[in-house]
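Here's a structure for you.
Residue numbering begins at 1 within each chain, and the chains themselves are lettered A, B and C in the order written.
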Amino acid sequence: MDSTIFILALLDGVSYAALVFLVSVGLSLIFSVLRIVNVAHGSLYAYGAYVAATLSLAVAPISPWLTFPALLVASVAVGVVVGGVMERFLLRPVYGREDVLQLLITFAVFMIMDNLQRLIWGVQPIFASTPLKLLPNVSVLGVSYTSYQVILLPAVALLTVLGLRYFLRHTLAGAVILAVTEDREAATAIGVDARRVFLVTFMIGASLAALGGALASPTTSLVPGMGADMIVLSFAVAATAGLGQIEGAAVTALMIGIARAFVIYLQPEFEVLVPYLIMVLVLLIRPMGLFGVDKVRKI
Amino acid sequence: MSAPLLQARGLEIRFGGVVAADGVDLDVIEGENLAIIGPNGAGKTTFLNISTGYLKPLAGTVTFLGQDITRLPPRAITRLGIARAFQIPQLFLEQTVMENMMIAAAARSGETSGWRRLLDRPEREEMLRLLDSVGVAAFAERRAHELPEGQRKLVDIALALALKPRLLLMDEPTSGVASSEKMGVMDILVAALAREKVSSVFVEHDMDMVERYAHRVAVWSSGRIQTVGPPAQVLGDPEVRQRVIGI
Amino acid sequence: MQAPAQTSGSGLRLAIVLGLVALAAIVPILLPSWATLITLVAAKGVVVLGVIILLQAGQVSFGHAMYFAVGAYAVAFWGRHMGPGDLILYLLLGSAAATLFGAVIGLFVVRYREIFFGMLNLAFSMVLWSLLEKLYHYTNGADGIRVVRPTIAGIAFQPETFQYALLYVTLVIAVVASYVAQRYLDSPLGHMLRAIKSNETRLEYLGVSARRVLLIGYVLSAFLCGLGGALVAVAQQIATPEFGYWTKSGEFVFIAILGGSSSALGAFAGSAVFEIVRFYAAAKLANTWQLILGVVLIAIIMFAPNGLVGILNRNRRNAEARR
């Protein structure tokens, strides 16, 4: 393969990895604190995208630059409202019940959101690429690429890694979340309000998924089914990395994103296969994921 | 005295900074009841975990009947004849006590496939008698999670006994059992062990129990064995009394 | 599934089952449009039975639609390459293919538990799904492969009579499968499977290999899913990649919980409600049936955690308490 295609694949991979990372780190965060796999996580991604597109299309006539704040507003709004409602009214009543019931609640939310999405936005593809076009192209080793995809997206992902690290390790709220993650009973015993931690964590995780969607919206056409595809992909990344691993999720997203991009250029029909094959291979060798740690139950 | 049944040599294990086994050597002799005493966190449970393959030591070996079992998984060691009762009872909480026992019986027979219903197996009478002997036959048809802690503990011991082991390891068998009943339970247990020719190791905090039922005592402290010997001698040692028993 | 119910309960249960089977056999004679619907209910009930077996071990597979798809495609490939066959051959093919698949994949996944078990199954199913979708040359991609109407035990039926013949074969299979599943769960292996859910450590300390126990349950569940998949492919006369997509796996788990994962009856009760709601909602409320099912699922989990069968038992207990 010639070097142009090589660089193109690399850049495709990096920009895609940035988006996937945002979604999977949200999933991972929610899992490590609440011990729930949020099947509706992909729907939050899709809603982030659709709301962002709707908002951008509305504000673009006023000033195209307003589309950038629109992306941010859309993600926080979706994360806080949808995520908040989901945690407070649907998940909270089933904490302590069997895992499968908690899982199925999120599956039910997925079904409902998927259906509502079709009712609200229809099934025709939606395009809202204003933010992508506003920023200039850059040349990377002789290959021209949108700076939105190769600079802005990776920058946001990197900021998220650093931001989450700082938040969890250097702020009180972060320390409280970590304490609940480590040992829920002990944390509750010393007076931590686990319910608030759950709510806040879920909103943060949901906002990250929505942010992934909002940032993706200028780069792709929005279609039904985008959420269903994204959830399994972000599962794959989160599990391959090891659940609860922030930096691990970033590295894994990069690995999977780049591998996928190369496969698209070489053998496009196997694109969808890549993340799952990587996940299967990694988990067979390291059951706790690439960066996960093993724990022995006390008996 | 005959050859050792179980032999531990140079066991070492660490958890982060905590050294839970630091050169542990111990023999369990055929036919004896060996008590293990020592403060909380001394590494008593860890020793049982290593001896049954739940944890792998960083160094050292465990042999049982002359065979190296250090790297075997718990199920293989169990099949060789070591059964275990736990500090925290390990039961099948959603099943009835009788179902718990019958699973053990089916496991013992090795006939774990086949069409016959579990509860139609021939060992039912035997399991009921076993439950009766530790005083929990009345709970046979109750689901295990409905039982109070003390009774769970007894069922846990019965599960281990159901396997008809050569060696029974018991982690604080009478903690959780009402103090008025401790003696009765131990009487029955020790009699059953003698009758079935089962050797045993039991971790115990109650020195009266140790004095009464143990043939030998091993004193644990910070991952090491301080002394091993007959109860009268060990429990009479002022240093042991002060550092381990705290009186 | 419950420990063998005490005598009066099991008599009542038998009566309920026989009544329902008779109903399922007779209703379509009066309402021909229901013949295929009830066939689908029973066939998917067999699949859900497979999912319920794993739920007994506390394991949720979010990938079991893969065995459903394997069963369906085994039938479809035969029809495509070897020409029309017989239903009995199809059922053998579908269930054998799924069993084989289940044994191979099972060897890997039974080393994992809970979320990792669920995700590995999901990953394997997504691999299969993308192959079915992308290997257009062999699979017709998203369009799927048509399944030609088979003979049944050598007899070629007309379409109108075929749907009844298929219905009755499916009902018989559903009854036999339920009995086998129940007997399995009452056997030592079945009890050990449930023991994995509550305390795998103790199981190992009884000298039992939990992996082996789970593998046997897993293969049995793959078998049931493949059998159901073959039946559905014949009933709907098509196999598509969508049969193996993760949302289909989720649907099967959903139906298991909807009906009540503690009994074979639950598999069919859940399947009946699910398919009937979908059948009518898809006709009258084409745009919102999925939303309705989602709401139903949440309501069931919040207010009837033991599923439809749980509601039934509760009513019976209340009635007995009043007497």
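As a convention for this text, a residue touches a chain if its C-beta (ideal position, glycine included) is under 8 Å from a C-beta of that chain, and two chains touch if they have at least 3 such contacts.
In this text, all values refer to a predicted model and were calculated from it rather than measured experimentally.
Trainee: Work out per-chain C-alpha centres and flag the one nearest the whole-protein C-alpha centre.
Mentor: Per-chain C-alpha centroids ranked by distance to the global centroid put C first.
Trainee: Tell me which has more C-beta contacts between its two chains, A-B or A-C.
Mentor: It is A-C, judged by the count of C-beta pairs in contact.
Trainee: Taking the mean of the CA coordinates per chain, how far is chain B from chain C in Å?
Mentor: Centre separation, chain B to chain C: 43 Å.
Trainee: Return the distance between the CA-based centres of chain A and chain B, expressed in whole Å.
Mentor: Whole-Å distance between the two chain centres: 48.
Trainee: Compute the distance, rounded to whole Å, between the mean C-alpha positions of chain A and chain C.
Mentor: 32
Trainee: Where in chain A do residues touch two or more other chains at once?
Mentor: Where chain A meets two or more other chains at a single residue, that happens at 299.
Trainee: Multi-chain contacts only, two chains or more: what residues does chain C have there?
Mentor: As it turns out, chain C has residues touching two or more other chains at 201.
Trainee: I need the residues of chain B touching at least two other chains; which ones are they?
Mentor: 54, 90
Trainee: Show me the residue ranges of chain C that touch chain A in the complex, using the header's touch definition.
Mentor: 55, 58, 60, 108, 111-112, 114-116, 118-120, 122-124, 126-127, 130-131, 133-136, 201, 245-247, 250, 253-254, 257, 261, 287-291, 293-295, 297-298, 301-302, 305
Trainee: Where on chain C does chain B make contact in their complex?
Mentor: Listed in rising order, the residues of chain C that touch chain B are 3-4, 183, 186-192, 194-195, 197-199, 201-209, 213, 216.
Trainee: Show me the residue ranges of chain B that touch chain C in the complex, using the header's touch definition.
Mentor: Listed in rising order, the residues of chain B that touch chain C are 52, 54, 73-76, 78-79, 83-84, 90-96, 99, 102-104, 106-108, 111-119, 121, 159-160, 163.
Trainee: What residues of chain B sit close enough to touch chain A in their complex?
Mentor: 45, 49, 54-55, 86-88, 90
Trainee: What residues of chain A sit close enough to touch chain C in their complex?
Mentor: Residues in contact with chain C: 31, 37, 39, 90, 93-94, 97, 99-101, 103-105, 107-112, 114-116, 118-119, 228, 232, 235-236, 239, 243, 269-270, 272-273, 276-277, 279-280, 283-284, 287, 297, 299.
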